[in-house]
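Labels run A, B, C and D following the written order; every chain starts at residue 1.
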Amino acid sequence: MGWIGQPVLIEELVFKTQHGIVDQSLHSKLGAETTNGDGFGLGWYGTGEGPGLYRSISPAWSDPNLRELAAHVQSPLFLAHVRAAIGSPVQETNCHPFRKDDWLLVHNGYVADMHLIRRDLMMAIDPDHFADVQGSTDTEVLFYLALTNGLMEDPIAAMERTIGFIEATGRRHGRTGMVQGTFGISNGEDLWGIRYATEGAARSLFISTDADAMQRLYPDNARVTLLKPGDRLIVSEPVADLPGAWEEIPAHSAVVVHRGGELDHMPFEPLDVAVAA
Amino acid sequence: MGWIGQPVLIEELVFKTQHGIVDQSLHSKLGAETTNGDGFGLGWYGTGEGPGLYRSISPAWSDPNLRELAAHVQSPLFLAHVRAAIGSPVQETNCHPFRKDDWLLVHNGYVADMHLIRRDLMMAIDPDHFADVQGSTDTEVLFYLALTNGLMEDPIAAMERTIGFIEATGRRHGRTGMVQGTFGISNGEDLWGIRYATEGAARSLFISTDADAMQRLYPDNARVTLLKPGDRLIVSEPVADLPGAWEEIPAHSAVVVHRGGELDHMPFEPLDVAVAA
Amino acid sequence: MGWIGQPVLIEELVFKTQHGIVDQSLHSKLGAETTNGDGFGLGWYGTGEGPGLYRSISPAWSDPNLRELAAHVQSPLFLAHVRAAIGSPVQETNCHPFRKDDWLLVHNGYVADMHLIRRDLMMAIDPDHFADVQGSTDTEVLFYLALTNGLMEDPIAAMERTIGFIEATGRRHGRTGMVQGTFGISNGEDLWGIRYATEGAARSLFISTDADAMQRLYPDNARVTLLKPGDRLIVSEPVADLPGAWEEIPAHSAVVVHRGGELDHMPFEPLDVAVAA
Amino acid sequence: MGWIGQPVLIEELVFKTQHGIVDQSLHSKLGAETTNGDGFGLGWYGTGEGPGLYRSISPAWSDPNLRELAAHVQSPLFLAHVRAAIGSPVQETNCHPFRKDDWLLVHNGYVADMHLIRRDLMMAIDPDHFADVQGSTDTEVLFYLALTNGLMEDPIAAMERTIGFIEATGRRHGRTGMVQGTFGISNGEDLWGIRYATEGAARSLFISTDADAMQRLYPDNARVTLLKPGDRLIVSEPVADLPGAWEEIPAHSAVVVHRGGELDHMPFEPLDVAVAA
């Protein structure tokens, strides 16, 4: 989940929605793993230098520290993630978001066959960043590859190069279907969402309609009334049953919301690259 | 789950059954809470003085220390429990089993309206044991009441007095339906199972058929072949689909398996007592 | 530690002082237990309803979530506490601060012989609050007794009654020297510090000199220059070697700092009461 | 600490010695970091397949699960380690021992400048093992390099090649003093101890005298009386003040104790190798 817009108490969106990211961790209907209880992570902008990070291996539904933080921190831009571990240990350094300076990344999905390609991927990470890798997830490696590929200059291009490289590496090992999922990325000013799968159905991704349209559709909904222009929520699954309030982001595409509200859609197609730029 | 019989590697029964107590923590079909991810506890007899205890708030399916312990400890008698927290914090001291000297107790269920009756119940605990209460669950209080009522001399009678007292206390506060669930109790020599509910359907409880009968039914099943007379498994839900291998314990009744294999069934009816014996 | 005054990033005072509360958890010189590594707690006012709470059993020096929160949350009033467990389990519900509505309490010290008096103390807690006790520390029980004794109306009087009751209860059991330590209390507007011991040397407590005096003493100190009237820090041990900057609070006395800066000193003498008011 | 000999309850040596490894975690006198509270690890042989592993980030002195396991598990060969994190996160996958099949390794010390050389070291790990690295410590990388260098065939030679390679890699980056510390290694049959430092004073390492000699020196010591031929304890610091009972292992040397008691000393000198064998 990613929020950009007016400052809100984080709990309003993480705990107090009809179908919350935390509810979803128990009964995720559109998601692939039915119980996402292997950790929770939050990256939020607002006070202090760069984004703050809260990552815990306690299941989201029973973590008092998370509830407290969410109830007492306001933020105009944050990313939240519920983890279902696929093959790597449950530990805080394996929780998303991953962070470098002002940049955050979350990933709902996986990179397949990491056991075969992890070495190749890590060798392609900028040597100056190699020792920054602290955990053992696929996403952390992907994040450092993306940084190596210029995430901080042009995140979409960097991710296209990165995923292309991962797919090429997989093919070298005789594997396909390497990458699945949606990504949330931010630098504190803008919020990107990417929806992609190498093969098959890509995990879902939705963005909330602009405040105006939502208020015309639902003039009596108290929460919708509070929305301001520029407020956008990007989610794996809609957090409220409000038909017309959610725009599905097509597979192989991305969106970016800029601070102030400007919204762009663009295609997302990995580049076939054998070596990272 | 409770095992009594020949020493077995704990993992054989906790992790390596067709429908394990750990599997059940993800997809519990007969259970009331669909995801029991609020902690795991194990009490085992064998080596050292009295039973050992392992209690963790990590969900059972992702706890490496639990897997390691289960794979490297053999025990002729142990109790395992997966917790779904209902109203009290997720912390190790709120995990079952509860222990006093050689005695262990696990409880799959709840005591209702604890917020109303907790004070009354705790005041009835033997003053010498009062300060031993370390957590905030209903079951821990019930355990210390049972000790006060003579658990160590006659567990069934003690539990009948205890549950009767809890029900009487509830009625004083205008509540019914106070106690629900199944209990596993052991002293290192015998293993008791109790199935009871004040009102409505009691949670399920099964005991495995004796080794002889199981081997006649399933002569080609490798695991069944290894069974010896005296081996018994008491479970909330059958851990393998073997028709005829499981005997359902009726509600309002109890069983006890003695070291060596002798098995007794008895009724279980709480005594209407206003004050603990 | 307690801070009241202008909003500051929590890390400025928890991590970035010459002798910080976190440094002290490793090499506490004036403290009684040399390594306070059994948990950390933080209660802060500012955003959201009432104070937020962060309590963790990870030692303060190695908890990334604590560092992150402290670096990205600003607060005009907060209490921090490093725990050295004396006799009760290390669990989050045994970490300070304890909270009820807008009120927080931390305690650096102990109540002796809890095993003997816990039952008597808990029976004196307002029955409506009894089931709110979640952990097993002495301080949590003291907190609920103080609430029972009117903490929310007059904290000093309530603490005098409470400690007097604890001491009287101890004497009934043939014990003296029941209470030791310093207390920090707040309601989000005012900050109280109490220094007391039933017998012997009371743990230390200091309050920072007013901003004016400090700036005259240390005109070249960058941090001191940032101070404003009304800014006060109450600490167990001075966080910087600045002679003249710290006023020691005498044993058997208390201070209160009001929002806006007004400071009062008063004596603190427990009332000899057999039963809570 | 490493024990080889008759099966003993693990707690006898981890918790119940005059100066225990757990005591030492609070007041380590000969050690370099005064408080080793960043985790504890235990690897033990005996029951089940290969060694069991218990690794926890809870400080050793306050971990009930560790005490329980130690009090209820007997082992004829085990390694225990208390961690003081130097630069890498406190997480279970960063706790020692590290394990591969039947082999365990613990390290009391560090590899310097890992941020500079981590990439070079990881690239030298056998590509088939690369993705087994789960954490971010220096020791885990050293362990996988040692496996690559034939640890399972000849541990001393493999460690000489490994440390030589690390030192050569450091020199390539303009650094010296790369490796410091003592190592404990076992395969379930034999127990090796290595004492080494690239530069300066190597951390201490001691081995207990043979049972015979100890019983002649201390005929009235109850614990010493229980010793049998073949019992040996290898420790960073003596666990009891028994002059003559401890033989200091010289720096740049190693010992091995074989199941049955045979003891060998040998020199330990890293090979100057630019590339792993």
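Rule of thumb we're sticking to: contacts are C-beta pairs under 8 Å (C-beta built on N, C-alpha and C of every residue); 3 or more make two chains touch, one makes a residue touch a chain.
Since the structure is predicted, the reported quantities are computational estimates derived from the model, not experimental observations.
Two chain pairs are in question, A-B and A-C; the one with more C-beta pairs in contact is A-C. Mostly identical positions are employed by chain A and chain D in their mutual contact, as over half of the interface residue numbers are shared between these two copies. In terms of their C-alpha centroids, the spacing between chain A and chain C amounts to 40 Å. Counting partner chains per residue, chain C shows two or more touched chains at residues 64, 89, 92. Note for the complex: chain C touches chain B at residues 88-89, 91-93, 114-116, 118-119, 122-123, 127, 130-131, 133-136. By the touch criterion stated above, chain B contacts chain D in their complex at residues 9, 11, 44, 46-49, 51-56, 64-65, 68-69, 71-74, 92.
Contact residues of chain D toward chain C in the complex are 26-27, 34-35, 37-38, 57-59, 62, 64, 85, 89-90.
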